[in-house]
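Heads up, there are several structures right after this.
In the two complexes that follow, chain A is the common piece, with chain B as its partner first and chain C second.
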Partner chain A sequence: MKPYSALLRMRFIALLQYRTAAAAGLATQLFWGLIRVMIFEAFYSASPNRQAIPMNHAQLVSYVWLGQALLGLLPWSIDREMREKIRTGGVAYDLLRPMDLYFQWYFQAIATRTAPTLLKSIPLFVVAGCFFGLKPPTSAPALVAWLGMTVLALLMNCAFSCLISISMMWTISGEGISRLAPPVVYAFSGMMVPLPLMPAFMQPLLNALPFRNMVDVPFRIYSGQIPATLHHVIPAALHTTAWTAALLLSGRLMMQCGLRKLVVQGG
Partner chain B sequence: MAHIEVENLRRTFQIAVRNPGLSGAIRGVFRRQSEEKVALDCISFQVEKGELCGFIGPNGAGKSTTIKILSGILVPTSGRCEVAGLTPWKHRIKHVQHIGAVFGQRTQLWWDLPVTDSFDLLRDIYSVPQEVYKQRRDNLIDILDLTSFLATPVRQLSLGQRMRCDIAAALLHGPSLLFLDEPTIGLDAVSKLAVRSFVRQINQDLGVTVILTTHDMDDIEALCRRILVVSDGRILVDGSFEDLRRRASAGRRLTIDMVKAATLDLNGLPGVQITTTNAGRCVLSFDPIVITPAELIREVTARVEVADLFVENAPIEEIIANLYAGGSQ
Partner chain C sequence: MPGHGHINGMKLYLRYVSISIRSQLQHRASFVMMLLGSLLTTGIEFAGIAALFARFGTLRGWSLPEVGVFYGVINIAFALSEGFARGFDTFPAMVKSGDFDRLLLRPRSLCLQVAAGEVQLMRSGRLLQGGVVLWWSLSNLHLVLTRLGSALLAVAVVTAAVVFTALFIAQAALAFWTVESLEIMNTVTYGGTETAQYPLTIYRPWFRRFFTFVIPIAFANYLPINLLLHHSAPLSAFAVLCAAPIAAALFASAAMIAWSAGVRHYHSTGS
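Here is the complex of A and B:
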């Protein structure tokens, strides 16, 4: 395990160097958050029957701010470094390590998602909590369940982003998938519009897909809209874990095929 | 048993064929054609423990492909290959514990991290015990003279500094086999010399088997006791530097500086040709078996007034170029 955790640690060290990027990201996310809160504000106040909306306004505001704070955990793009590595043949050095290639990439994905998010989310929680209506979790169990679900979501997100990276073993450029994946992840996870506000006919689909567990479920547990009881949390956790396992397995299978046909580019 | 055993190794690539021009491109939309390119055409060789072998060959000859297969990165189409009893692509994880590699054109160090951090990371990746690691690292830092830029992020290093760090990084886990793919590419003269003397040192002192590819004949001449010339996926020559010279041509050069520019009359001198003439300087090529150097010099000094002259072997670049040309016919 040590080699993998070392990889994680180093990526952390490297990514934490980019303080300016984190500050700029923080400003962007604050700005976006404000706009989104205002848009929903307009919808809510224009709605003739406010009671019928399946999510109250306070919950919605928390949902939006959580989304802004934890945006970086979403697998909505191919890691830049990964792309470069596959395009230029840096993969060669990955293969020279006495480690499983899939888990090298997986741990790298975890680090790439976690490090910058940690750096940005803490100040964002503070600012949004003090000034813009982000409420603390409704109860201690809600806090624990939210944290747990966020960790599970992270593990699933990384399995998903690995799958995308591995697809580059065939496409090499990754241009297509990196345009296709973000809107899908955005829409189906609830990052764009909270899923309870989506039409009823879409709910079965949204429930089956893995994306809901990335955003919607943990956020609603946080704000108490999904009660933090075992009855609710366990099925959600199982759903996430099952999808993680499926993504992980298919990623590994794909990688095995990919390695057989791999051509490391360049002399 | 030999350290490396390669038997009938073959690797082909599928390459899409595109017809030139717009009409060709349109045809390509409807009908894909691909052709098979042979990168390695059934090569076989063995390398003993502690050897220092040089691979040379023109671009695209199959040198890098060979190294990639030997290091477990690339799977061959067919053939057998064992390194220290392991098949690289089947036992990749176990195999790479015992090898180090430097691909001159890319770095294995972490771009954003100081060199020492990269080294520490490699220690953890290869699970090198701290005591062993410390001793090995300090030794490498000492020999390669890395102290002054250990704390610098890799992206800020000069090419020569980076290459030295890369070589150190490839040796931190104490590999018994080292691949160097164009280790002196782009380096200045001083760095080249430093890299060469270091490679010789680890080969002699630590007994590390070294496989080197290069385009720099001076690398080969300075380092390698054994040379494999690869061209078109085949091994043309496998032998010592002298073998190579003997095999390619026995030709010698006589360079003459004349006091006054004049045309040299070659009548009655068998097998002698003028290679270049330039003002007062004239270069003759001759075969020492047909005409001895002494005889030729006597004849030349009798015919023109000579200021200076010297005899040398044909430059190795030319020998190699002849070999390549012969190989691709």
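Here is the complex of A and C:
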């Protein structure tokens, strides 16, 4: 376990160097959040069927801001560094290390997502909370359940992104799949449109897929739409964990196949 | 008098473009996936807007096909300027690596070389999708395009394309000072597209003013399209047809001034 935690720590230290980039990122996220909040505000303000909307305006605003704050945790694409490793042959170095390659990548993925997100999200929570209508969690249990579900979501997200990285062992350029994954994550997680507002006929599909756990479920626990009781949280946590296990397993299997035929590029 | 073997700027640009396109077609499977991805991204986006309309009914009085006109215009324009000026978008990497030095050595316009450096076919996904949404919206509104209407539509697309191209150039110019590419410029390029997919009237006043007087997207958005959709008096249409190109030209000149100032300021990072 020790080498993995060292890997995590190293990534943190490296990423925390880029403070200007983080500040620029924060401003960007605030701007985007504001655009989205204003669009939803406009939809709400004149809607004839406001009563039938399954989320109230305050919950929707919190949902948008949480999305902006935690954007970086999502498996948007494969990590650029991993893509470079596969393309340039850096994989060979990773293979030489006395660690399991899959978990080496997995922990790197976790670190790459966590460090910048922590750096960005804390000031964003403060600014959006003070000025732009982000409410605190509805209760202490909601806070705890939300944090727990966010950690589980992170573990699943990284298993997903590793799977995509590993698929590059076959395509090398990796451009293709890495472009197909983001729209799928964007649409089915709730980042695009909060999932309760999606059409009713899509709900069974959305419930079965893993993506809901990345955004929608934790956010609605936060705003109290899903009550933070064991009755609701346990099934959601199990659903996330089951998907994580499935993604981890298929990632490892794929990696084994990939390594058998791997030709290291470059020299 | 150009010497032997010199070709004019336009011809050179087209040659750059054809090389760039041919190189992208080398990886055909990857290209198809990328095009699909680009189509999927923009297609899903409009489906998302449609889902919101299904829930809320209306957006401050605007209907889905009406918003679709705004959406189509801005996406066509953005795809055009992205296709043309993508080289400026990736330009900071060139400054950082010192590759820009090479361009300075060539006896050709810098803007041309940077613009033509990377022309991405994949962006045609957005162009296609914007066109389809625009066509769908216009036919759903039973809007017969008069000559004035088509002029308004064309002016909207061209104005937006010029504004976005100018923004890409300004973003590249910024890199002469910052060296690092700054994510923050995305707020006005990609953020501007996101914003202008809807009529600007739905936003708060300060925000509307920003996208009218600082970045003149309003001249490609509410001003012409509202006239187009509501058949307003020809006189105001005429005023918009005159004002929009002026606003776009002013904005583009500001970007070009920033670019030349940047080139003068440039110190190589070495390599």
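Going forward, the second predicted complex is superposed on the first by the 267 of 267 C-alpha atoms of A that agree within 3 Å, B and C clash if a C-alpha of one lies under 4 Å from a C-alpha of the other, contacts with A are read in each partner's own complex, and residues count from 1 in each chain.
We adopt the following convention: contacts are C-beta pairs under 8 Å (C-beta built on N, C-alpha and C of every residue); 3 or more make two chains touch, one makes a residue touch a chain.
It should be emphasised that the depicted structure is a prediction, and the values quoted were computed from it without experimental measurement.
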item: Touching partner for A:97 - first (chain B), second (chain C), both, neither; value: first
item: Contacts of A:197 with chain B and chain C, given as first, second, both or neither; value: second
item: Chain A residues touched - chain C or chain B, whichever exceeds; value: C
item: Contacts of A:42 with chain B and chain C, given as first, second, both or neither; value: second
item: Touching partner for A:34 - first (chain B), second (chain C), both, neither; value: second
item: Partner chain(s) touched by A:187 [first = chain B, second = chain C, both, neither]; value: second
item: First (chain B), second (chain C), both or neither touched by A:130; value: neither
item: Intersection of the chain A residues that touch chain B with those that touch chain C; value: none
item: Chain A - residues contacting chain B, complex; value: 2-3, 5-7, 10, 13-14, 17, 88-90, 92-93, 95-100, 259-260, 262-264, 266-267
item: Complex interface listing, chain B residues touching chain A; value: 13, 59, 64, 68, 71-75, 92-94, 96-97, 99, 101, 103, 105-106, 108, 110, 112-113, 117, 120-121, 124-127, 181-182
item: Parts of chain A lying in touch with chain C, wherever the complex brings them together; value: 20-21, 24-25, 27-28, 31-32, 34-35, 38-39, 42-50, 53, 171, 173, 175-177, 179-180, 182-184, 186-187, 192-193, 197-199
item: Complex interface listing, chain C residues touching chain A; value: 27, 29-30, 32-34, 36-38, 40-41, 44-45, 47-48, 51-52, 54-61, 180, 182-184, 186-187, 191, 194-195, 198, 202-204, 207
